[in-house]
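Take this structure, written in structure tokens, and hold onto it; I'll ask about it next.
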């Protein structure tokens, strides 16, 4: 049994993670900590659907105790600053770390500072494995520190990466993403109130969203690449649907696109690619650990629309963390997720 | 032209009121004030649908200026305490006051203290006219101070009052009310966030809601009357649907009930009673100044279910305030509301 | 392994049932049939969240084949008429039957005819076990035919039955229930369209809902009992919240009520009673097989408000069917449900 | 007084149109007809918010009577085929026609046939004025037949047309639009049910939506232009938010873009352009006749994101029809709309 602790267990993603770990046959949950932000109630009060769950009580974060008896792995579902502050001492104490915050996602220290404030040691940024599970090979098995990808980033990178060598760099890649409100966390902010968001839609963070540099890094886009990511907030709680608008170097057929995806995701349990011309709707994946991808060619194959859907709290956060955990500790990919 | 000021203009009900007054041919808006709670943005920022509206800018509340040049009428759409504090000096300065808060609704000073904190002078509580417009006669014409009814209270009193002499006092009157989230105002509170309320319902305030004593008072219920009011919060923004469960002293027919309502609301422009056996759905009234009432007899007329629907921000607040204004200043009932 | 077939597998409740059975370690799904109404797509098309599920394909209902090789148990999640028509021959062929429709819920043949059209043989109505699991004793172990309770009925009976000997029969029992739209099934009817229901609420079926006689029968109410059930349709997909308004013969304390519930549900895995004075909100149970009950005393214990919440597709249909299955075939109550 | 009839008065857009015309001081409504699809209820039953409205009853469409006493203007809010069939005889009888369907929007007969089935006479297609009001000059004053633009098309054309001479034709124009469910009309189709659409999003009609050729025509795009329009259905009832992703021939500054919009919409009462860098959220315009446009420059002005919001039933249908009516009959632009 692997001893695991979760910090930030009471946030939306943290609670999903706890629910998954509670069902994982290879995990013994040693401690659940609220992050500073999420404190103020028991796990079952905040997430009553977990009422029957076995596990330790949720406590205020106590670093001294955590370090005194370090578990095998610590999941950090905390604010970025807190994750950046905790990771070094946890690693030093001998725990492995899966960081669901953005603190260790950007390899370049200057970028990390710009987007996430005071970053950890450059050495840690260099060491961290970017845990988009389907694109990892053996590196997770040995990783001490895994940076779990962002929710928008996961939806976009999964859909684009298999096609990158066909995409025309002279034309923009447009990523128009739509997200539910749980992505913003539990906030004491009237702007996220039901009265303000029901029946409403808004674009936000244009040109300045933290997932923009993460996506560029993961896709290997050069400086100045024509890439545009616009997220939108929708009147629903869970899920992301990303609509990607692409141009190709040369006209492509359905077969070539299907084949590119089939090659990339052969054996992937949690990425499903639909037949050519079918685009997934969001509800196919809400509540599941699965991403689904569909594409429609336009203009005789010179361009395409690709749609990727996933549950932002699962494949966009908690279930991907469990996928990474499975790889790190030698479990089958689907352990605890099927 | 009647000079009118609004305090609390940026809350949900206040903004609806401003929108109505802006279209009222007999009103000149002299000043719009944010209450302490609502400050922090322009009227059009907070309520962008009012973008084209003519009117003064919204300012932080400035009592000295308000009293220095008192308008003909001041609408108080502020928190209770603020309304209680402002009314006496406004009246002394010569303004008439329409109070949309609960501060002046309860005639008994002890009750007012219990439910709303430090109340105004007992003399003011005695003087205040309870402005359920359809049940007022000439008293509004001379009123200096009008207490605008609560939203739940309006839906329940309108439906019950015409039937009170037929209702069996030995059996409970059950008022099961369902409200949208705008009734709670604009709050920096995660408990009213979209992520918490979508797909959710909850009862609240059982046995302890401020509208309970208001309804008992308006219906003339004696101490210890068998009356039960349970409000619920629903995943929608606007509107109240109250389901009332009644027992009669003697079996009644459809005709008698229809007739009781027809008598009570003859000539009422903003209360519509449906034919016997038809119950109104909520969307019939959202966005309108109208309450609608329907009933279905049960058990051969020994009991009935009565449903009343209204828009909590209009007939439950702002448009009823305008009805009261019209009566106070000699305008036709529907002026500014048709 | 118990061989099980599901008829009506593509409806909302049917699909939930299939999802539960697919995870049940003691079940081998032998066949999945669409009901006439639900046909026209594969299981995964209609319920994409089941994409990874193991199991037979969904086929049009083929009674001859079903009877030729009768499984151990057949779940009927079909329209009432179809269930009434199929049950006798299935039983004769040796299958046991769990009927999620209403066809076998009413013991009295005349009532069954009135509410559900042409009923099955009176002998079958007499034989059928009413499967409100927590109130069944040994009878499920031997039952050939189980009538799975209605969703509203489950929420009301669970909450009231432990208190019946304290309730004053001279005063009405008022059941004001609120349901999501999935209770109506998948319908080609604009009245259930998003554009009509979002932001809307309506009461329906007052005095004429099929669950009314079912509840009266289960509670043992005499003819003419003062009982009123009013269901409402809310703008949400899943879940029921029933608000029950009761009067007692004599004033009762919190302890007595808590104790009555504790006695009734000692050992019940899927009924949770909250501490006195706490009322459950709906989201506590959506997606779970659990009902939750809370109460608040009023008027010094002469009356009370009881709230019961459950997921209409699970404890109100599919998971209760699995509870009944477990009892019928000797599995632990929570098998396949934890 | 202008005598006006409405065909298709009971659809979502038709009802909004009737509500606007009922308040228009220069209009006498001579007849209201249901289209074949919308029949089956009175106006007030289908659109109860219109309960207090003055006006003729809604009747089944009676062409003979309509032609026998032709009104000054007929609004066609019917299915395309019906509008195509009725327009010629109405014009011949002397009525002027405002067609809210798509039948007369495409000038090219072959395109009209492809997208809308059997089109009217090519002469009528040539004669019809495309009624995007802000881009019309004197031609509406004399028009016999006005083709009211599509809802998506209005949101996209208003936002793009002022920038067309700066847009780089070598790079794609991407139009990612999000719409509420009312755009699909009132349908007896489970796919538009609340249970299917709540919490869901889907892209549809990629490469094959009828508004695609309409937008290309209105923007003057040549054959083979790099233009991509992808509409999405969102879990809300009213409104469209279109997100437009553009590349410019040369880098542009905020001032140039603001100036281009200011020039285009100087004096336009119902198009509001926000200051540079501000993007409108949808609720600013729901329930209003206004479109709002905002832009954010990217990549040092080489690209931009433009967002346009409007109410699909008003500026996307009914209120634009009234704007066109005002121009046709010599009323001020805002008559009946302020």
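Should a chain be cited, it is by its letter among A, B, C and D, assigned in written order, with residues numbered from 1 in that chain.
As a convention for this text, a contact is a pair of C-beta atoms (placed from the backbone, for glycine too) under 8 Å apart; a residue touches a chain by one contact, two chains touch by 3 or more.
It should be emphasised that the depicted structure is a prediction, and the values quoted were computed from it without experimental measurement.
Asker: Taking each chain's centre as the mean of its C-alpha atoms, which one ends up farthest from the centre of chain C?
Answerer: The most distant chain relative to chain C turns out to be D.
Asker: Please state whether B-C or A-C has more C-beta contact pairs across its interface.
Answerer: Between B-C and A-C, the larger count of C-beta pairs in contact belongs to B-C.
Asker: Give, as an integer number of Å, the spacing between the C-alpha centres of chain C and chain A.
Answerer: 38
Asker: Based only on mean CA positions, could you tell me how far chain C sits from chain D in angstrom?
Answerer: 47
Asker: Where the CA atoms of chain B average out and where those of chain C average out, how many Å apart are those spots?
Answerer: Going by mean C-alpha positions, chain B sits 39 Å from chain C.
Asker: For chain A, give me the residues that contact two or more of the other chains.
Answerer: Only 180, 196, 198-199, 235-237, 281, 283, 286 qualify.
Asker: List the residues on chain B that touch chain D in their complex, please.
Answerer: Chain B residues touching chain D: 48-49, 51-52, 198-199, 272, 280-281, 283-288, 290, 338.
Asker: Considering only the defined contacts, which chain A positions touch chain D in the complex?
Answerer: Interface residues on chain A, with respect to chain D: 171-172, 174, 176, 178, 180, 196, 198-204, 206-207, 224, 226, 228, 230, 232, 234-239, 241, 243, 245, 247, 279, 281-283, 286, 296, 298-299, 303, 305, 307.
Asker: Note which residues of chain B are touching chain A in the complex, please.
Answerer: Against chain A, chain B makes touches at 12, 180-182, 184, 186-190, 192-199, 235-237.
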